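Have a look at these structures, which come just after this line.
You will see two complexes here that share chain A, one where it goes with chain B and one where it goes with chain C.
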Partner chain A sequence: MKKIILVLIILISTKLSIAESSEEKGYNIAKSSYESGRGFTDMISDQLMILIDPKGNQVTREISAKSLENLDPYDGDKTITYFETPKDVEGTVMLSHTHINEDDDQWLYLPALTRVKRISSSNKSGSFMGSEVAFEDFSAGDYRKYKWKYIGEEVYEGDLCYVLESYPIYENSGYTKRVGLTDKLLRARKIDFYDRKGELLKTVFFEDYNLYGDKIWMADSMKVENHQNKNATIFQWQNRKLNVGLDNKDFEKSSLMRLAD
Partner chain B sequence: MNFENRIENFAITILNHRIKVVFSAIILIMLISSGIRFLETPSGYRGFVQDDFKYYQDILELEEKYGNIDVLTYVIKPDKGDIFQKDVLKLINELTEASWQTPYSSRVSSITNHQFTEVNGDDISIDNFIINFDELTEENLSNLRELAKKEDSIVNFVMSESTNVGLININLEMPEDIAFKKPIDFAWNQKMIFEKKYPDIFVGVAGSAQFSHNFQSVAEADASKMYPGFLLLIIILTYLLLRSVMSSLIALLVIIFSILPSLGSAGWFGFEAQPPLIAAPIIILTISLAHAIHMLSIALTNMNEGMSKNDAIIDSLKINFTPIFLTSFTTGVGIAGLNFGDIPAYSEMANTVAVGAAFGFILSVTLLPALFSLLPIKSNYKESTMLFFLKKLASLIYKFKERFVIITSLICIYVFSLLPNLYFDDYFGSYFDRVPEWVEVKDIVDPEFGSSFFTFADIETNEPNGITNPEYLNKLDEFENWLVQQESVADVSTVSDVVKNLHKNMNGGLEEYYKIPDNKALIAQYFLMYEFSVPYGMDLKNQMTADKSSSRMLIRTNYSTAIETVAFNKEVNSWIENNLKPFKTKGVAGIPIMMPHLFTENTNGLLLGLLFSFSFIILVVGLSLRSLRYGIISVIPNVVPFILGFGILTLFTDMVTASHQVAVLISIGLVVDATIHFLSKYQKAISMKLEADEAIQYCFKYVGYPIIIASICLFSGFIFLTQSLFFNNFVIGGMCAIIIIIALLIDLLLLPALLLIFGKKA
Partner chain C sequence: MIQNTFQGKIIIFFLFTLLHSSHTNALDFKAYGFIQPESSIYINGDGRHGQDNYNTSLFGKGTFVSYLQNGDAKFTISAISRFDQSDDQLRYLDFQKFKYEYYFDDVTLKVGNEIVFWGVNETFNIVDIINQSNLAENISGTKKLGQPMASISYSQDYGTFDIYLMPYFRERPFSGKEGRPRLLFEVDKNSITYESSAKKRKMDFALRYSSVIDDLDIGLSHFYGNNRTPVLSPNPLTLKFDSHYPVLSQTGVDIQATKGPWLYKLETVSAKEGSERHLGAAGGIEYTYYGIRNTQSDLGVILEYAFDDRNDNPFNNEGIIGLRWSMNDVKSSSLLAGYLFDMRGNSNRFQAEFEQRITDDLKLFLDLSLNGSIDDTDFTHQFKEDSQITIKIAKYF
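Up next is the complex of A and B:
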């Protein structure tokens, strides 16, 4: 219900504000879309990552994750990732305190070393576990990371969608431009990514949307097709649970230390 | 009706329908020539090999797993001092950043964006090796120099050991069938911008991408610079030789009309405009020119002696039909021997010339007489001085025939004794040694890095995550240690280097930990960590497969000759066989391995081609002369020029490359022609019951002058080819020119003497 009201507000506001520039309109849609996905408080899930090479060979990686919503409008969420397969990396844990347009803080617990290492790097543009997904893609919907521009509307898989262009603000981003489709339920459906030389690099398809807590649409599948190296990655979320009662204490360096002891 | 009458009837028919002949020839030629637009842009070294060539397949397999092997490299060298100067590093940094814009680029690596790990207890910070360029002090710079020298993945990859030269390597992910023009144009533009901004620092463009692009740029430069000059030379030459503007025009038309449709056919066949193809029009031109000169000189002589224009050309056709046919035929067959080789570019060139030879013959006996009859031609043709000289020569030979034979034999025996020094080899490093821009960069890169080429080895474990096995990484290390001791290898980089570095950094940066840990899980976790910490375009995807079952070794190789490379490859394979178990590899692959092998295999093919062409041509000569005796006599003037030619080669080098063999195949058909002309005239003279000395005089009168003229045309054509920027064309041109001149001397001096001694007497 809340959703529908929100949509109505946006529809009305877009109709009313004729004077609104395409930048403002794009920004507003992106902001509403982002906000419609907020309010999960915390979340746990299992994730399956399937890497597919041009010949069709597949490699599967299993991880599970916890995340904590950060209500600070100027900072990002906190996440913990547990690596389960391949067997050799089982027990490896990564804690990230993400930031919007700065490098994230990251700690890594390596069980074979029984130590926690703090890693600082400008790796947001880097590949996640050798996949076609970059770290920065996980927060692809965060309106604060981009400059926006509304382009028009387009029908995608039977649904009328907003076409939004966005330009990254983070200086070490691997991209120069993105062109995305967001449907009228404010769900991102598909985003084209353009690389540093302005050429189409990859397309991310958000699929398998499910309604969580009766109010938040979350894509339980993300498919990435790299147009340049012809590799693909499929990311699937399973057993996703919202609002399970995690708090800040679960996302501190000391919680990794406990594993190290 | 005998053969001569048939030719006469044919000639009369041509002249009766001369306008129809001219028009239909022009229309047909235009149609076929329109195929020129389908000539494909050369796809660099890839177009130089057959798709199923084993060493090319190795590269393709490697690319399927790890991405394209092509690298575009900037070479940066300050005029003074090494690269650790503020300005130089700033340039490298700015150019590195700009290089992400290079079309088709997938990664960019240089000393400035090298991912450097700093360790402070359990805090690990990974960042670009050099930052804050404006605040660098002298002390910072010398610290950086010392640090850089210790980094395995910097030295010999993005910086020379002497620290004097820096490189920026850009990996290109080229779509299939796309030439390197776009990235290369981009790079040259950058070079210009940065050299202007930093006038005291040299910026060069190198790497396999530039090497590959050279094939295209050289072919284009040759075509646009060599052809116009050559046409001009031909116009002057034909006028000087024939003394008739109209006759020169006819010769020119016949030449152009032989070249255009052969290039058109090449287009219809889907050939690539590789540098060797550049030689084709020049060879066709010389053959057609020789045809035209033979036809026109005799026609003009006939007119001088009072014949009507039509009778003069009919008579010339009667005399020249068979020799012209044989010339085209033997040239076509000779050069077709190149099809036994393994390089499509040369087969395509050969087949284009063969087609051109056919057009040359057809036009010389149809279009040429028709035009001769149509156009207003006056004969000012004088050959008195030349004829006088030839008469003198003939009597001189008659007088000293034994001495001529003995002296030539002695020379041949001496030269023959030099030939065992010759050996077959090839050096692909010299291909573009005539391109100044390439040489300028090569002279900086080669002494510092060996070459700007890489070789690779895909080492497989056959199990997912197998490369995290310490046993595997130690084996890589062992292989690397063996490889770096080989003369062909400048440096090696493997994933085991990455692991050693990580192990050190995860243990407080202590040097004693610079080794492979004995714990598979730990190594796997290191890789996971590493993958998490590097930015866009810096990951290990081009070094390991996604399932981590195999990894790729990167080997910086020195330029080597074909023999050295084949030996190196054998040694590598035997090391692999004896030491690499239980791991597997197909061996080393890359341009420095493929090109030399290509030429080794090509050489074997060409030897077969030579055998084919030689025996076929000797057979044809024997058959056309209908005499075993003359067939045998003809072998001597046809073989001696090659022996002497290679004897002269020993003055410059003992290395016989594929280009020298190509030169033999091109010139064999041309050398034979003069012999056929001479022998057939001699036979005719004998059948006219002339005495031996008169027979020689007769030969000199009727074919001496045309042979000299044709040889001059061929000689100047090949001398022109030596102006090519493609080193192989230069060698082919030079070698052919030498052989043609020797063949002329042999035909004028030795052959008559041989005929006087061994030929039939009236």
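Up next is the complex of A and C:
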């Protein structure tokens, strides 16, 4: 009798896996991809942002950041960003408690005003420091922010990749659709973003993948090409270190001033 | 200003501590600042006290931050200085911050000069009391002097407690004889009285509890010490203002709720000076439209109102409608404009500040201040003919 039940279970589960819809398959790949990038606990890095206009003029922005992984499956990570250049914003510090499909909690310390302000963050689609990167792009790999659809497979730069479509759940997202390529190591390689009108807005290329802590692939470069205004942004991570021993106390409003002047 | 021996001693103590600790640790520091030439034109021509219709000024700020003792401690110097062509009260050096902080797990200890801001409002900062305002810099009082203090901060999940001991009081700077705008009379620096017998050496005390509960930022505070605002009375012999600093006991509450693009703000104080108690409340809303007209621009609308139950308080029934426009472009162009009006009378004023980065280390600022109709009973009437345009260019290093 037990054997029969076991056979039945195997049969049913096999059947289920055969019947996996393109939505489920897309979701599962996105989830696995996201989870393969987790477990960093906390992280510090210096970040370089190069803004390039259509004529090829470049300006560079430097920031340094700390982040703390949130193990709560229903909530987002915490980050503190310290702005170094342009020089007129040097000493500005931003604290974010990110949430998955709601507005983040954000505080900003402005040295010119010598005060900490809680700011509205419902502009996740807004430009980060005049670049082609939007605030919401920093968590572009979070499967919980989208509805997914597996489309097929495609060779990209010699690697076979899954083609996944995703649709933002967050109501204030600047996008209606994304089409991305994720390779068999579960690394996002490239994503096309479609704006609120459904037109192709930009393409983000994830490059310079390095293995951190022997287990986590992280892209140390992100290149954004805006197809509409022809601007581009290159975002680079440097001196990235994982698991340096930060905790929640380093990411409170009251601890923000430790980084400030 | 190293104009008194008390601060002089503190500075020497700090420099000694810094030199001493740099023997044992590699000095890890950041240093940055700017110098800013400024030029103002007064639209109404010469001032009513014979001031020129044109003025130039040089302003600068330098900041030095160093982490010591393996990052457990921080030493900060942040100094501002101005050299003004006309007003001798605008020739100064002020150590806004000159402090040493030590971080324990839940506790932060701090000694030295510091700027502490309390409150949530854009315009009517009625809870904010720790630092003296430099009214020679601007009449709205947003420019502060560094306050010498020792403080302890204790943080837990449910909030943060701060205790401040302030052993030395700093008198309020006002515009000098050639300053513009300025009061009807000069403020006599040699005729200052205090309610407290300890005068400047009165140990001022303050306590604050602050907490974040979801989308609420809450602060409860109490201050006991020399009032930062003096009572000015004209002296018929000197034809200057005598100042008197009463002792103030003030309890404040400040709350901000952040709901999507909406910010709701409220500050209230209950204060006692001598035997007289007064109440004040100020608050408002701010709404931001993101990505206006399909651009990266944001437009914020600010509405604030201030009430005070003292009839003689200049801000007893004031409102402001403001606009904040941020282009979010590579040049960080932005405009902040506000129309300030007295709802009891007929006085109003318009102010605007535009800023834009020119190159990576140059930034342009344009400030406009226009006085509209002002009742002759309003305290700002004396500034009526001081509408001005100021251009500033900051060079960062």
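The definition used in the following text is that the second predicted complex is superposed on the first by the 239 of 261 C-alpha atoms of A that agree within 3 Å, B and C clash if a C-alpha of one lies under 4 Å from a C-alpha of the other, contacts with A are read in each partner's own complex, and residues count from 1 in each chain.
Operating definition for what follows: a contact is a pair of C-beta atoms (placed from the backbone, for glycine too) under 8 Å apart; a residue touches a chain by one contact, two chains touch by 3 or more.
Just so you know, these numbers come straight off a predicted model, no measurement behind them.
Bringing the complexes onto one copy of chain A puts chain B in a clash with chain C.
When the two complexes are overlaid on their common chain A, residue A:D88 makes contact with chain B and with chain C alike.
When the shared chain is aligned, chain B comes close enough to touch A:Q228, but chain C does not. By the touch criterion stated above, A:K55 is placed in contact with chain B alone, chain C being left untouched. Look at A:T114: by the touch rule set out above, it reaches chain C but stays clear of chain B.
Within the superposed three-chain model, A:S127 lies in touch with chain B and with chain C [touch as defined at top].
Once the two complexes are overlaid on the shared chain, A:K249 sits against chain C while remaining clear of chain B.
Using the contact criterion defined above for the overlaid structures, shared-chain residue A:Q236 touches neither chain B nor chain C, since it reaches no partner. Of the two partner chains placed by superposition, A:T79 touches none, neither chain B nor chain C. More residues of chain A are in touch with B than with the other of chain B and chain C.
Touched by chain B in one complex and by chain C in the other are residues 51, 53, 59, 86-89, 111, 113, 115-116, 118-120, 122-123, 125-127, 130, 172, 174 of chain A.
Those residues of chain B lying in contact with chain A across their complex are 64, 67, 100-103, 105-106, 115, 122-127, 173, 464-465, 468, 506, 519-526, 528-529, 531-541, 545-548.
On chain A, the positions that touch chain B within their shared complex are 51, 53-55, 57, 59, 83, 86-89, 92, 94, 106, 108, 110-113, 115-130, 134, 172, 174, 195-199, 228-229, 231.
Within the complex, the chain A residues that touch chain C are 51, 53, 59, 85-91, 103, 105, 111, 113-116, 118-120, 122-123, 125-127, 130, 172, 174, 249, 252-255, 258, 261.
Interface residues of chain C, counted against chain A in their complex, comprise 30, 32, 34, 63, 65, 74, 76, 78, 96-97, 101, 103, 105-106, 108, 115, 117, 120, 142, 144, 153, 155, 160, 210, 212, 215, 217, 256, 258, 260-263, 286, 288, 290-291, 296, 298, 328-332, 357, 360-361, 363, 394, 396-397.
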